[in-house]
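After this come two complexes, each holding chain A, first together with chain B and then together with chain C.
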Partner chain A sequence: MKVEPGDFVDVERVEKVVKKKRAKFPEKLIYEIAEAAERRDLSDDELDELVKEIKKAYQRAKVEQGEAVGTVAAQSVGEPGTQMTMRTFHYAGVAELNVTLGLPRLIEIVDARKKISTPTMAIYFEEDYGADEEFVRTIANRIGKIILSDVLADFSVNYASMSITVEIDEDKIKDKRLDHDEIIGKIEKAFKKVEIDKNVLSFEPTISESKHAIRELRLLADKVRDLQISGVKNIGKVVIRKEGTEWAIHTEGSNLGAVLKMEGVDKVRTTTNDIHEVEKVLGIEAARNSIIHEAQSTMEEQGLTVDVRHIMLVADMMTSDGIVKSIGRHGISGEKASVLARASFEETGKHLLRASIRGEIDHLTGIIENIIVGQPIPLGTGSVGVVMKDKKIGGRK
Partner chain B sequence: MASRKKLTRFEKARVIGARALQLSMGAKPQVEASASSDAIDIAILELKENKLPLDVNRIKK
Partner chain C sequence: MKKDILKHKLVPDHTILSKTEAKKVLKELNIHQEQLPKIKVDDPVAKAIGAKTGDILKITRKSQTAGRFVTYRLVIN
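Entry: the complex of A and B
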């Protein structure tokens, strides 16, 4: 028996067993157990046994207080990182969209770059719209960048009369699902000296000096050709792809804020790979999720699996201050409270000099500081203090 | 073991180490130990039988 999404799953039954076993599981885990129980048709005894085993495994997977999770995370991400292809430019799927992947992408993520090299969006639609190819194509043309030369039938530069004559192709406009009047409006707004005779337009350059006339005309020709008549800012090419039963749009370039406002766009599934944009539009928690998702899918794409908790730790460190910070000199390591910790990372002299000028105090609460002064570090065994029990031995039985 | 929460492996190591040091410097064992066992064995035994006169303090800063 296969459990279909939306089928009834007896979560309560599992919750009861979990409670009886005195285990505390996350909601999702309980749901998954319930689902498995349903699928396998488990009896009460079997469910008992299952929960018992899961409790054991769950306890084993927990980290103890004092564990050096940061070091472990660094090693766990770093080691598979050495096996990543140094430079891969992968063309994602059938679409000819270029997306940075592999090591360069991973570096981009942890550096929290403001301008990533290949921003891209995956736009999905709400249920009623997703299957409607015509609707998706209309939206795609509104999102993707279309310039005037895409809809022209004829383009000619006349050096004798110093003018440019273009002819708009009605079929191309129809094919791209654009509006004729809207295009004319945009042209009128962008160029002052333009004569419009239905589909034939003629432009004239504004010539200040006669000896530059030819150049001015050529510049105008480029400007006319490249006039953007449709599209969302920062988005270039778009690719429409059928994914299962629905249509989705993939873009080159990204503008989450503008796309989310469009009609029919699924606000839950539509994503961008630009972490800073996610932060700006959806907030810091979304940015954290985005970091986790981007880092993990980059690793997975290369056939490497890293426990999410390592990546979550990295993402938490990067976002815990309310803004996305990079790992390195300009972010986490450069903003540490302790002078010695900062000095031990990079630019030792600069930090020590500054600290001495300002009279900074180091409370020796971190790891590096204590190593520098030669004390036990507050980690693992060193994070535990020992005290004498008061008098009666074993009295608190 | 009593109501006490289970010790982490770091706490165990720390407390056994501290007790073993005391024993090696002449503290009286709180358990019956064979002649062949050393200070660390005795400390481990003491911990097992909950007779350690030491406790851990987790909020060390």
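Entry: the complex of A and C
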């Protein structure tokens, strides 16, 4: 008998047994035991025995105190990383959009770059709108960058009269679901010397008498063509895709704050791959989740599997101070308390010089410092010391 | 809008602990509050739930390994 999701699973029964055996299991493990008990139709005695055995196995699997988890995590992420460099595929993840993948992307994540090379968003819609293609296309055109030349039927520069004449194509406007008056308004705002006669517009440069008149005119022509008439800041191209039964938008560039404010956009599933933006809009905990998700999907996409616990540790370290910090010189390694630890990493001279100027004291509590001075390191069995409580000796004080 | 972010799939549950709860948690973990991970007072979520500097937030994460995981963060400036 297979337990289907949604079937009743008696978690409470297992919880009781676990409590009786004085084991502390995470929620998921308890659920899995309950599921197994259901599937195998275990009696109370059998369940008792199972929990007892699992408790033993769980204790054995637990990370011991004093274990160098950071070093293990570094090696566990680093080893598959060496395989990534050999496969330098850099192909598109979504249809026509180019997304940085592989090692460059992983480095970007742990370095906590402010400007990532290919920011992208996945925009989903609320239930009522998701299947409505027309609505999604309208929103896509509001989000994606559209410039004036995208909606022009004719564009000509007249060097005799020193003016530029353009004709707006009504069909193109309709096709892009834009508003005619809105566009005219934007043009009027951007250019001072413009004459509007329905769909035919003529522009004149503001400075016409100077000897650089022709250059001015050409500059103006570029300006007219590149005038942005629609779109959200920082977002470029958009791609509309059908995913299952609903429509979704993928973008080049990212602006989570602005997109989440739009009507009809799903405020639960819409995400970006820019970790700093997630931090700014959704907070530090969301940034932590985002780091884990991005790092893991980057590894998985390359066909490599790393235990999430290692990535979680990295994400925890990066977000523990309330802001996203990078791993390395400017982040975690650069903020270590010990002078010797910092000096052994990078920029040795700088750190030693500064420490001597300030008169810093190294308390030799870390690993690296103790290796440098040649002492046993506080790790594993070395992490325990002997403390004498003088009260206890023979009852004397 | 401000409350909307709390529903986002990337944002776990944040709740403010009362003084007595906070004390109990610190005692259980056997640490000082400065040893907790931090969260900025101007963090969007901290602002949305109205946390003040010095508060301790209880964060209930959805975890791939443990199912549900409870952690704490100290609100700092």
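As a convention for this text, the second predicted complex is superposed on the first by the 310 of 397 C-alpha atoms of A that agree within 3 Å, B and C clash if a C-alpha of one lies under 4 Å from a C-alpha of the other, contacts with A are read in each partner's own complex, and residues count from 1 in each chain.
Everything that follows uses one rule, which is that a residue touches a chain if its C-beta (ideal position, glycine included) is under 8 Å from a C-beta of that chain, and two chains touch if they have at least 3 such contacts.
Predicted model only: the values in this text are computed from it and were never measured.
**Q** Quick one: classify A:185 as touching chain B (first), chain C (second), both or neither.
**A** Neither chain B nor chain C is touched by A:185.
**Q** Quick check on the superposed pair: does A:66 touch chain B, chain C, both, or neither? Answer first, second, both or neither.
**A** first
**Q** Would you sort A:267 into first (chain B), second (chain C), both or neither based on which partner it touches?
**A** second
**Q** If you count the residues of chain A that each partner touches, which comes out higher, chain B or chain C?
**A** Residues of chain A touched, chain B against chain C: more for C.
**Q** Should A:26 be classified as contacting the first partner (chain B), the second (chain C), both, or neither?
**A** A:26: touches chain C, not chain B.
**Q** Could you tell me if A:365 is touching chain B, chain C, both of them or neither one (first, second, both, neither)?
**A** Touch partner of A:365: chain B, not chain C.
**Q** When the two structures are overlaid on chain A, which partner does A:282 contact: first (chain B), second (chain C), both, or neither?
**A** second
**Q** Touching A:384, do we find chain B (first), chain C (second), both, or neither?
**A** Only chain B; A:384 stays clear of chain C.
**Q** Using the touch rule from the top, collect the residues of chain A that touch chain B in their complex.
**A** 64-67, 365, 378, 380-381, 383-389, 393-394, 396-397
**Q** Quick one: in the complex, what on chain B touches chain A?
**A** 2-4, 8-11, 13-15, 17-18, 30, 49-61
**Q** Considering the complex alone, what residue numbers of chain A touch chain C?
**A** These residues of chain A touch chain C: 26-29, 31, 260-261, 267-269, 271, 278, 280-286, 289-290, 293, 308-309, 312, 316, 319-323.
**Q** Which residues, counting only chain C, touch chain A once they are in their complex?
**A** Residues of chain C touching chain A: 1, 4-5, 7-12, 14, 37-40, 43-46, 59, 61, 63-69, 73, 76.
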